[in-house]
Amino acid sequence: MKINEEGIQNDSEVLKPLKASRQTGTADTIVTINAVQVGGPDIIVIAGPCAVESQEQLFETARSVQSSGAQLLRGGAFKPRSSPYSFQGLGEEGLKLLDLIRRETGLPIVTEVMDTRQVELVAKYADLMQIGSRNMQNYPLLKEVGMCRKPVLLKRGMMASIEEFLNAAEYILSQGNENIILCERGIRTFETSTRNTLDLSAVPMLKRLSHLPVIVDPSHGTGLRWMVPSMSKAAVAVGADGLLLEVHYRPEEALCDGKQSLSLDEFDLLMVELRNIALAIGRRIA
Amino acid sequence: MKINEEGIQNDSEVLKPLKASRQTGTADTIVTINAVQVGGPDIIVIAGPCAVESQEQLFETARSVQSSGAQLLRGGAFKPRSSPYSFQGLGEEGLKLLDLIRRETGLPIVTEVMDTRQVELVAKYADLMQIGSRNMQNYPLLKEVGMCRKPVLLKRGMMASIEEFLNAAEYILSQGNENIILCERGIRTFETSTRNTLDLSAVPMLKRLSHLPVIVDPSHGTGLRWMVPSMSKAAVAVGADGLLLEVHYRPEEALCDGKQSLSLDEFDLLMVELRNIALAIGRRIA
Amino acid sequence: MKINEEGIQNDSEVLKPLKASRQTGTADTIVTINAVQVGGPDIIVIAGPCAVESQEQLFETARSVQSSGAQLLRGGAFKPRSSPYSFQGLGEEGLKLLDLIRRETGLPIVTEVMDTRQVELVAKYADLMQIGSRNMQNYPLLKEVGMCRKPVLLKRGMMASIEEFLNAAEYILSQGNENIILCERGIRTFETSTRNTLDLSAVPMLKRLSHLPVIVDPSHGTGLRWMVPSMSKAAVAVGADGLLLEVHYRPEEALCDGKQSLSLDEFDLLMVELRNIALAIGRRIA
Amino acid sequence: MKINEEGIQNDSEVLKPLKASRQTGTADTIVTINAVQVGGPDIIVIAGPCAVESQEQLFETARSVQSSGAQLLRGGAFKPRSSPYSFQGLGEEGLKLLDLIRRETGLPIVTEVMDTRQVELVAKYADLMQIGSRNMQNYPLLKEVGMCRKPVLLKRGMMASIEEFLNAAEYILSQGNENIILCERGIRTFETSTRNTLDLSAVPMLKRLSHLPVIVDPSHGTGLRWMVPSMSKAAVAVGADGLLLEVHYRPEEALCDGKQSLSLDEFDLLMVELRNIALAIGRRIA
């Protein structure tokens, strides 16, 4: 893609044939997860711990984020960790805990799938299956979740261009699954003061090029708890359809990503601020 | 700098000795340009053409952006262009036109200085002297504007880390000039669908590490006219103290950066939207 | 990792506990693939087409690269393509063609595995199983090839740091498979005149931090046929244990990566030049 | 620029009109500095300390690198340092020391100029004027050295694309000065184990697009003393016309860049190895 006066040169040639591309007259895709609609006028917030660690940790966090206004619950059971010696997640036991808290709260569950052989298992528990950044170009996995009809949350690779991101979504769409939510989560740049560089310009760019809903993950995008609120507000202002936030009932004790997780109180306060921004741009947060 | 639980590791060692660094108890620096205060509760908007091209172009644009709410006027007389064969600016004639329209409108003038030998001349006309991205580490120039006491707008280099950016400001401060406004204007990354990647996380990071005001330039940060409004809203939401926007009375005829310049009407509409965001975060735009 | 006077700060803390790390006194790992030794004094060359397309294409290319001095044959049967609509490889039929030409020439086979479910199948045919860049952090796949005892060629991810690369190797090592060859193949940067930026400094860095053999892929690293010879020579001079080169009997008709594939004659000529460089640094190419 | 089957798409349109561009039939430019020719069949080595610190340091280093085979002497008198509180160089006193050692050894002098106001002074002492990376797009400075007819060593900016690099050279050429040597010195990427990422592919790319000589600076390119020899060998193998190396008689006591400076013995040993590589590719080092 090249920039021209209209904004994007050649995207007609490169992206027009994609099912993921917005054509003249295409309506925005709204992905429905149980009763929650993503991509419509309301902005939705997905919150929860990076990893499911224990019943107490998951349940206390879930109840609290729900009361603050979160509409979906995130929690990893299978965790992609840079080192083989880091905590790898609770596996199916984690999925069962997610199922239990869903029954109690009614919150739909978002959890990651990492292996083609796990898709069936994860699909049994998840309401929204997450493909993580490291797997954005794991094509067999994309095809497998494409054949499964559960909604998919596709995270942008750390170094994926917008064009590659939409082509990754196309792998899912090409198998018949149109329920895809795109997620900007920070790209890798030379700057090291933040964990990644959250590329908020990806939101208007993706909304212009594609009909799919776009959400933002400021937790991984910044890696810094104190910065998550300001970047969350920016994400709402820029036009994101939702946020994916790491929240932990005791961030300092988290087995994974504690330094980027909001506490329950911080999350509650942030939700109030986000509602004001949403109103200012004519949208709404539950 | 490294990330730790508190957000930034080692910044005590690296940045604490800098005059640009925030120490415990440091008050925010407010830079006063004629009657306009940057870094206080109000968010200020600087608007105008990339380059001064003619009296008509400058005057029509200036009058219009003022009526829409801009508080400072930008316009380049000396232009740093990638090619020696591109339009290089009107030089002193451009400065004189800026002076004329200042007399008419009262708008303070922001214009770039590129050469140590020009500092005296530019300081005679400018109310706020701009150091462009390509000169962020032009140390003799930084020292020269540091010795001059006019306020300075220092733009982040395309590939400058936050630490290098603050050290560049320190070159100015070390000469006794404390009237510095930092400007995030996009960094260079692998992504090519936008001209640069506007790093909005730089705003909260700079505000935390330094007491200097921070503004954002979404025109260079995106390179795309249609994307400027959404990124401007995000910049206000994230906590910027101001915006630097390219506006042209006839963008399609601009000699420089036309494809990222807002039209007069687009700018007027954007100002209305920005005021709503500002109110939502408890600030104000004139 | 941070740089200090000794070269790398903190690598003791970060990388010392890894099986992939060089400890005081560790001997270099030599990976033996049939009769070919990688990581010893001789420099080995792996050559062949990006993708197996047909019997004629594969066989003519294989015979020719063997006569020029290649010691292993590469050829993709399962291809990770950015678009789902690009040629995806011949699958098992491609593996069978690779098997046939191996029987004729005796050349060991290098081919990619992309899916945990394919590991058993690919291991049946491959002498060296390749993990592609996009799968460098596909942890279930790394574990699966770690449990299989076939040698593994692990390509660096486009955006992977040296530390992440060695941690990816550790996933394989942690399952008991020590037969790993690391491959630098270009990283993604802002520069667009080449397909990637071949990071030759990764070779001495990896050799210093790890005992594993390191080879270089200048075909993907540059994306430009005319540039492959000069970067191949540089890779030998910098200390690589081998090269991975795309060669096609008719590059202009290739279904995949034709513009970075050497012709048979170009490859033959290059081998002569590489032998001279190898001798100049006291090594040898067959 | 875009890659196509021929290697570079659109370079005809973008770069053909430049004086820096290679046209059909253009002969390679050979820059003559006193008796030394850069860009011809011989590969030249420029060596010396990062900064001139004292007569003893400069003279001992200069005599030693000359006896090892260096043909030009580098040494900074005006130093661009990230922090205003770091050693800024000896200024004119440093230039005078360079002049003294030139009289003794006959070695031509390479030294940096940072300010348009210094060009006349530096040109009085230098045989080859260096424009540093941070000033690659300091256009008034480029024009000023363009009007001066002394040969210029132009270093690539840390974030400059090949196209921008050639356009920077064009600023010098457009003023009538054709004696330009281009220098690749590492670009900024996400990788932090080296100071920069030395982009050796820039050498064949620049040689293809331009008729100007191209040298490589592995000292800044890696930031690591132990890595300089292997990357120097790679630079010769890839086709560079010369090397720029930091050498210090006591690296551990250097006021600037000690951890990337070779000792006198290391440099002497390296020269022997480089001569072997040069012979292997049909070139020669004095």
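Read from first to last, the chains carry the letters A, B, C and D; within each, the first residue is number 1.
Following the convention adopted for this analysis, contacts are C-beta pairs under 8 Å (C-beta built on N, C-alpha and C of every residue); 3 or more make two chains touch, one makes a residue touch a chain.
In this text, all values refer to a predicted model and were calculated from it rather than measured experimentally.
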Winner on C-beta contact pairs when B-C is weighed against C-D: C-D
Remotest chain, chain C as reference, centres from CA atoms: B
Whole-Å gap between the CA centroids of chain B and chain C: 47
Distance from the mean Cα position of chain D to that of chain C, given in whole angstrom: 33
Per-residue overlap in chain D, given as positions that touch at least 2 other chains: 159, 188-190, 192
Interface residues, chain C side, partner chain A - complex: 17, 80-85, 114-118, 134-135, 137-141, 143, 158-159, 164, 167, 170-171, 174, 188
In the complex with chain A, residue positions of chain B that touch it: 1-5, 7-8, 159, 161-163, 187, 189-195, 197-205, 208, 221-227, 230-231, 233-239, 252, 258-259, 273, 276-277, 279-281
Complex interface listing, chain B residues touching chain C: 159, 188-190, 192
